[in-house]
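Note that the chains take the letters A, B and C in the order they are written out, and that residue 1 is the start of every chain.
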């Protein structure tokens, strides 16, 4: 049994690849992962610290302990290929495209869903916003694009999905899946020749509404990700969870890993808090994908001591004295804190634990624009490593005690 | 160069200055109030929110205590909407001497402060999170006061009586002709433009900066000691009653429930420069330990923001003590008469004081001015009600929650943490005529909840941009400035849940929006 | 210290500190996604809690639209006990606004059962007669369309008293819940027979009344504590004797496993602790046996198609969907897994006139999926969900053990 801890992008990627590779996988997670918050473009590397045009070429200049350097260039390439094929994204880690953000900055991304692909380039844009969607401001976006040299105008529609005055992205996505609402939107937008049309990323729960809107407007249409909840992120999570389910994997929410039982260099079982009870899960391999400080996989206590909360692995990169500097956009002393691993993603002293995603030391993903790229590359690589190890060792007999997922105290 | 004429120029837009503008304009004076920044951006906006019962002064500073006892009642009458009747407790913690409780009660008796000893069990029932090891407990009529609401209410009241309020106008020089101050030169901090104000009288209500101001008239040595104190706002009300440590004034001896947060404070350290007062890690560590003493488990609770304020402590130079604990300096206030002291007329300075006595301080200052002018205009602020407080009802914590029930189906909620609706936000932005989101924060508490603006600030920026005359460059700068301002109060206190919040916000502002790379 | 402290209760309220406003709970809440009348779990839970004074009633009546399904707590990646905060706030709200007569009835299913059983045919007629239901809706607020149970006129307890369970190495105690005792006796009977077939000796402790969940959900905490305490007292001897307790109602088992301790401040109750530690949902229990190789799996083929919906409170156990794994052991059985979050009824919520349409909207996705699948049976672990689903779709709804019972050749 392979236990993946964490149901974010890194965890789900690892779990899907492992399950589709024939392994028994269970994902233990405190709750839903950060997929629902992230735009879910795969940003491989945007700034290092200057803007990066060709991410793969820029890897060589990253510090030695950066996750990309650990797993190597090839790992990124194969993960990207896997993602592109199986998730229907376009683009490549060889070359970045610049996509407008919800505030009108131009952000480098590498792999993007097709619903967002037309955001690249500098053709004129008509940005469509909705008064009922407070999380997206079309005029601000458009005006900032103009400041960046791209011709842009905006339109704000007063169409309300489900009659809601205060609707979030999810309500709008449901709206776009409804023919009547979608028709009203299409009627209200008159793009000019040569214009692309930008919408907030709400074009349907599975993105099919995007296709319909684009066809009917007769112009390239693209989504712009905005404040959470992220509809594109939810689409990705849904697809990954469905693939996992079909491959026989399970996701257990409200299962909080609080420790591990060890025998020498191997973790033999995980101690898990479920509700008010503690249970143990035997595990042959563990993939730790609990995220960084944002997800609670890493914590800093009030005495400034860092902790990796599931397995208690050592965390490096948190200085005893100043952890941050007063300038918000600067590089902060503890910005790259996390768990250190070798090239095979294992922390020192552990044979069957791999660490992936934002839990890893060495990167400042929000600053570099590398978060999803790291999650994808390391999650995919971890699965490859485990599948490889399982293939070369004689498979253990399918003894029930070894693979029992739940054994109450 | 443009110039303005007025009867009274009030320098300093904190509680004192706003109170003075209100008082003087009610007495029929034409008033201009100036502040180098937003109103209450200085000391007033950085205190913990305690409406003093006076209990903290009964032993060491009975004059200050008596003032608080009286003014507490007056403020509840005139700015009811700004005040919550939380009540207060003085508790003898395991680290304190129970005998001090007797001195405390004696002091209360002498100053007519209605305090009462209650059993420890009763105190713990009242406040279950209190340290169960407390040895004695006393109730007092403390409250908590929303200073921004108060200051803006007074300022708007003054405006209704003709006063002009000029925020972001820094005094860069005082005009002295002969032996009197005739006005000041101001610089508009937003445009760089300079202008003159010709005033019949100048009232210096700039608190911790008072000495810097009068220096511009050549007056030296006014004894204002900036006393730095740090405070930490905790995410929710750990207590609903003000908790005071029953001992001689010490660091971290008060926990105030104010609006949706509880604030622990404070420290007391002489600062050389009232503008250079960053909280240090030692101070933060000590404050968290002080919190544990009052509320066990304090360190596991979530801290939102830390900041430092600087008290204006007046020490009469003639008393002479150079090395003195700033806490020992009297907290009562004094009018500095520059005619007597320095031979310069038409200028008076208010020094010392505390927020609870703001009205009395204003009265004393304006009275002194009237005496010098030979004008017999009596003060009416003990009864006059500034705008927003007309119904006389004290504030209750559930008020925004109740109000939102009525507007839920009709109006967007922009700042979810503090329950601010869109129309209120737009109305305030228009009325304030400001593009500075931090100003709106002070007016409405925008971004003062757990997410510290993480979600609402992008929305507010978009809304601001939608108002007349605000272009994308201005709106984008406003967003970046807000993020920087907010970071100032966050970074020294980032651990636990707030670090998690900050990282999520980093993902939003940098990873998703990429604000840093806006043109 | 002499003041009694609701430690877990403080933990629930204190967990509001973990909320970083991420909105994940809002994406999952079936009610706020169905109606803007409910501002959502983030709002009503950790956000509004900052505006509440602990012993006063909250001014936000909209909190009453929370159905208590608990999905928010399940999906929260930060560990905020959102549903628990809501339930506690609602209790304070109701204390101030008063409890409707209807809610006092719904909080006492054992009383309703005891009243209805001797006059079952009449009771059933009353509950089905349209004019009487219309009257009921006007007078008492019970929606005329809401699916209510039928009373067979006998009790499971009565049935259990008339038989003895064959001795076996493994002993379990069966916690039947009100649904199986007063209405759906077949669920209880089949559960007992299945357990015996699987090699267990089954005790059915006497005197089981209500677990207290309906009282808790309707904000009557004192009543809930009475019920829970009494139930814990009935089951505690089994627990202390080292006998596992299995139940067929995931809502009731969750109540005793966790919710009563977290929400009612009963953490110090010895009997409840003992029972809680040994409480299992029956599918959870059977799957654990299977994983240890201790489950009989010689099921007969059952060449039918069924749908399976995991009720929200079953998901609250945090054990995944063991029913699916068990049903997979039945040869030729086609199981279509529904992926709806909640059927809408949420215990007693969907029965109420002011909530009925919201409940139907919440469940619409599930009903559509079941309709599209056209199964022989709709499988679902919780009784109120079964009644609601059957009424809405016309498909007969059964507990997973009923399918296993049939596949074990124990009856149709």
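One rule holds in what follows: a contact is a pair of C-beta atoms (placed from the backbone, for glycine too) under 8 Å apart; a residue touches a chain by one contact, two chains touch by 3 or more.
Just so it is clear, the model here is predicted, and its values are computed rather than measured.
*Asks:* Quick one: most central chain, C-alpha centroids?
*Replies:* Checking distances from each chain centre to the full centroid gives A.
*Asks:* Which chains are joined by the largest number of contacting C-beta pairs?
*Replies:* By contact count, the leading interface is A-B.
*Asks:* As a quick test, compute the distance in whole Å between the mean CA positions of chain A and chain C.
*Replies:* 35
*Asks:* What is the distance in Å between the mean C-alpha positions of chain B and chain C?
*Replies:* 51
*Asks:* Please work out the Cα centroid separation of chain A and chain B, and write it as a whole number of Å.
*Replies:* The separation of the two C-alpha centroids amounts to 43 Å.
*Asks:* Where in chain C do residues touch two or more other chains at once?
*Replies:* 22, 36, 78
*Asks:* Which residues does chain B have that touch at least 2 chains other than itself?
*Replies:* Residues 409, 455, 500, 504.
*Asks:* On chain A, where are the residues touching two or more other chains?
*Replies:* Correct list: 34, 37, 165-166, 228, 295-296.
*Asks:* In the complex, go through chain B and note every residue touching chain C.
*Replies:* 121, 124-125, 128-129, 132, 235-237, 240, 260, 301-302, 397-398, 400-402, 404-405, 408-409, 416-417, 419, 449-451, 454-455, 497, 500-501, 504
*Asks:* Taking the touch rule as given, give the residues of chain A at its contact with chain C in the complex, in rising order.
*Replies:* 29-34, 36-37, 162-166, 168, 170-171, 174, 228-229, 234, 245, 250-256, 274-277, 295-296, 400-401, 403-409
*Asks:* Of all residues in chain C, which touch chain B in the complex?
*Replies:* Residue list for chain C touching chain B: 1-3, 5, 10, 14, 16-22, 36-37, 39, 42-43, 47-54, 56, 58-62, 78.
*Asks:* Which residues of chain C touch chain A in their complex?
*Replies:* Within the complex, chain C touches chain A at residues 22-24, 26-28, 33, 36, 73-79, 257-258, 261-262, 276-277, 280, 284, 287-288, 291-293, 315-320, 337.
*Asks:* Within the complex, which stretch of chain A touches chain B?
*Replies:* So the residues of chain A in touch with chain B come to 34, 37-39, 43, 51, 101-107, 132, 134-137, 139-140, 143-144, 146-148, 165-166, 225-228, 292-296, 299-304, 321-329, 365-367, 369, 371.
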